[in-house]
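Going by the order they are written in, the chains are A, B and C; count residues from 1 in each one.
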Amino acid sequence: MRLTIENLSKEYKEKKAVCGFSGELTDGVYALLGPNGAGKTTLMRMLADILKPSSGRILYNGRDISLMGDDYRDILGYLPQEFGLYKNFTTERFLMYFASLKGLDKNQAKSRVNEVLALVNLTEERKRKTGTFSGGMKRRLGIAQALLNDPKILIVDEPTAGLDPKERIRFRNLLSEISGERIVLLSTHIVSDIEYIAKEILLLKEGELIQRNDVEGLLELMGGKVWKVTVTQEELGSLQKTFKVGNIHRKASGIELRIVSGDRPLPNATEVQPSLEDVYLYYFDEEAVGVV
Amino acid sequence: MYSNECYKIFTRKSIYIVLFFVILTMYYGDLIYPGDMPMNEGVYEELHEAWGGPVTDEKIALAREEMGLSDSGEKASASFEDMAAAEVHFMVAIAGMNRDRLNERIENLSGELAHLSSGSYEYRVASKEWSMLQELNEPHGFFLIRAWRGMFDFIEPVSGVIFLSTLILLGLTPVFADEYTKRTADLILATKHGKRRIVSVKIMAAITYIFVLFILLHFVNLVFQWGKFGGFQGWNAPIQSLPGGLSIDLLYEQSPYGWEVWQFFILSFTIQFFACVAFGILVLFLSVVWKNSMIAFFISGALLGIPFMIQQIGLNRGAFQYVSSFNYSELMKAATLFEQFKVYNVLGYPILYPPLILGIFLVLTSVLTYLIYYRFRYQQVVN
Amino acid sequence: MTLLERFIQIVKRSTEEVSVVSKSYWITSMVLFLVGYFLTNYGAYNPLFTLVLLAPIPFIFGLLEVFKGREQGLLEMEMACKFSAHEIILARLFLVGMYNITLNSLLAVSFVPLVDSTTIWEMFLIWFTPFTIFAALALALSMRFRGTVFVTTFFSLWLIFIGLLLNHHAWTAHFFNANTVMYFLLMGVGMLLLAIQVRMLIRKYSTYEEGRTLEANY
């Protein structure tokens, strides 16, 4: 299984959302990492064939997906970032309806619905109306919907938003479990979601792919760039202006800072093990990293 | 705050789509199949010189003579002038009949008054009508007032009510309801002015919308009528000489109110505006209660339409009689309130229909306004 | 796939969509027509007028059901399914249209004893002609406006048309007694407009970019 992306671009009237994205995806979990507005959602919509690229093309095993039509959607599972539910439907009915949209026949659909309900831990809520769901349950149902047709390509946009920590761990493991023979692409701006499951991480900034590597590779690149130093309140202000400061931890002995910088920021700074958060900070130049 | 609320109402595209069709309908509805002759040709001016003003026995006799001649075929009525003259003769004759009917009615009432005991309700009713009719000053005759007929065409028939109420419904049902569907209600309620002043401001914005709409549509009608008649002569004619318009049954020939046309127009115009505001308040109230613009739309639409339907299927007897007299669409048809002598028994005293309906809706509207404040203030946030 | 095959597929799909359309829709439409029947039978209404008045109403409410996915935020998810959003919409449109036409036909048949001068065939022309034009208008509006706004806007336009028929007797007379050729001509225009709207709808709901656009200021 192979998804080839060739020089993919999408322009809107005001701005370029994605420009010149190329790459190849094979079986496994891929994570799209980037700040809000980096073009993650636009890219995913194009990969789900619901948005036409301005230029470039996407090939599935060598076939252009825009020409595949139904055949492509048959092997696709997609969960958008924002979505609604038919509120007066029960969980089961909702999934049965989507199974029919995905072209599953009745018997096949029934067993598949049971399977996905178990996967997302909603079996007990099968008779409940979806209108009464909490944010987390709603998202789990969305994931269940995407898995109904046992998709070869699963695209999930910020699937962990609104999930509590326990649900998030569950979901992470779920993705890992099912990723054996399929391409899973998820987007997030929470790095801990992907640290342990992603085969590769794709860093997207202002519509461009700026880095693509596995977790180890990324951390290796950060070697010698992360520092720890204890400073006073007065020094903090000027340091924040000149360096990318990760954590600010107030301790009795002073303020302990984690700084991402190519050079040693202060003589008394010590080098520390980089984490994915440092990677994020390094590439996206943001003061606050998704706090987990 | 006020300008923001106005902005919310006036930037809805749907209003302009409907407004466009309303104006189109106003224009073509009358243009393609005119309801009446314009009577703005020069020949009518001449005829008015000869026949105009209140009827006299002399004019009636002359008119009957002319009509007799043309009926017997001694006078060929082929040219436009002859047809116009024949029409005027006919109108003079009709005016004469109406004058006779009025005098007959006054005599009958005098007779009744002589029999009835002076303290009874019936006596009060008869004496009220008698004194009103007494004060009429030769109201029947031939007057050139077709242009004013056109001006009233936007007030009294159902179409004016439909146009105005539709646009009010469309513009005002979302005023409160949208705050719920867009989930901004919770945010607003939690602000400093989010419970009282916001309501006042929304009501003010709603009235502004009604005002603009009302003036605009009346102005458009005025322009169309000007184009059709080329002027507004007859402004000081008595209202009893206003001819029936689009629907023939609307006539003021038996109206007991002794006004000139321009006075009557200003009065109807004002009442119709009040009616629009009253209806607007009802719409706002339903918009607060139901929190959904579509439901508010249909319920207010039904409140407007059901009395009309009751009338149409002939159910207006018993209690329904009151429903078909005291409702928003009757109030909006303002001018028709004065069509005939109509009183209601209030604590033994006859009260004229127009002030009664106005009073009732004034009270109702005040209560609804209070309820809007109350509902908005004491609601619980759900969802 | 040929056009016919596609059509057959849509029709098949529409049977699956029956369950999505809410029960209250089926019931309300039917009740409305029953009320129309009784009012006309016991009141002084012109049966032709009732027929014209009621003709497009189930279709309008039906459009709310047709665009339910869009209204409740499922459009994006539905687009990525094998039966894509525009096919779902077409299937429901077919369903609602058929229901509407059935109701109207039944009502027309029930009115046969009440009208003597008009044949059932003419009655069909009288209600179907405005129906096609207003259905096209309704579709055009529903693609641009959010559900509740669309319904209220359409009903406003509908009320104006009804007001015109109510008020201007000359219009009504002309409308009910027009030449058959005139009806066919207008019906042709209505059908053409409808076809154009359906084509636009397919295009619009095939891609996310077009499908999500709704008027911000309605």
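As a working rule, a residue touches a chain if its C-beta (ideal position, glycine included) is under 8 Å from a C-beta of that chain, and two chains touch if they have at least 3 such contacts.
Just so you know, these numbers come straight off a predicted model, no measurement behind them.
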| item | value |
| --- | --- |
| Chain nearest the global centroid, as defined over all protein CA atoms shown | C |
| Most remote chain, CA-based centroid, reference being chain C | A |
| Cα-centroid distance, chain B relative to chain C, in whole angstrom | 34 |
| Chain A and chain B, separation of their C-alpha mean positions in angstrom | 64 |
| Gap in Å, rounded to a whole number, between the CA centres of chain C and chain A | 43 |
| Of all residues in chain A, those that touch chain C in their complex | 45, 48-52, 70, 73-74, 76-80, 82-88, 93, 97-98, 100-103, 142, 145, 149 |
| Touching residues on chain C, where the partner in the complex is chain A | 16, 19-20, 22, 68, 72-74, 76-84, 88, 207-209 |
| Touching residues (chain side chain B, partner chain C) in the complex | 11-14, 17-18, 21-22, 25, 29-30, 32-33, 35, 157-159, 162-163, 166-167, 169-170, 173-174, 181, 246-247, 292-294, 297-298, 301, 309, 312-314 |
| Residue numbers on chain C that touch chain B, as the complex places them | 39, 42-45, 141, 145, 147-149, 151-153, 155-157, 159-160, 162-164, 166-171, 174, 215, 217-218 |
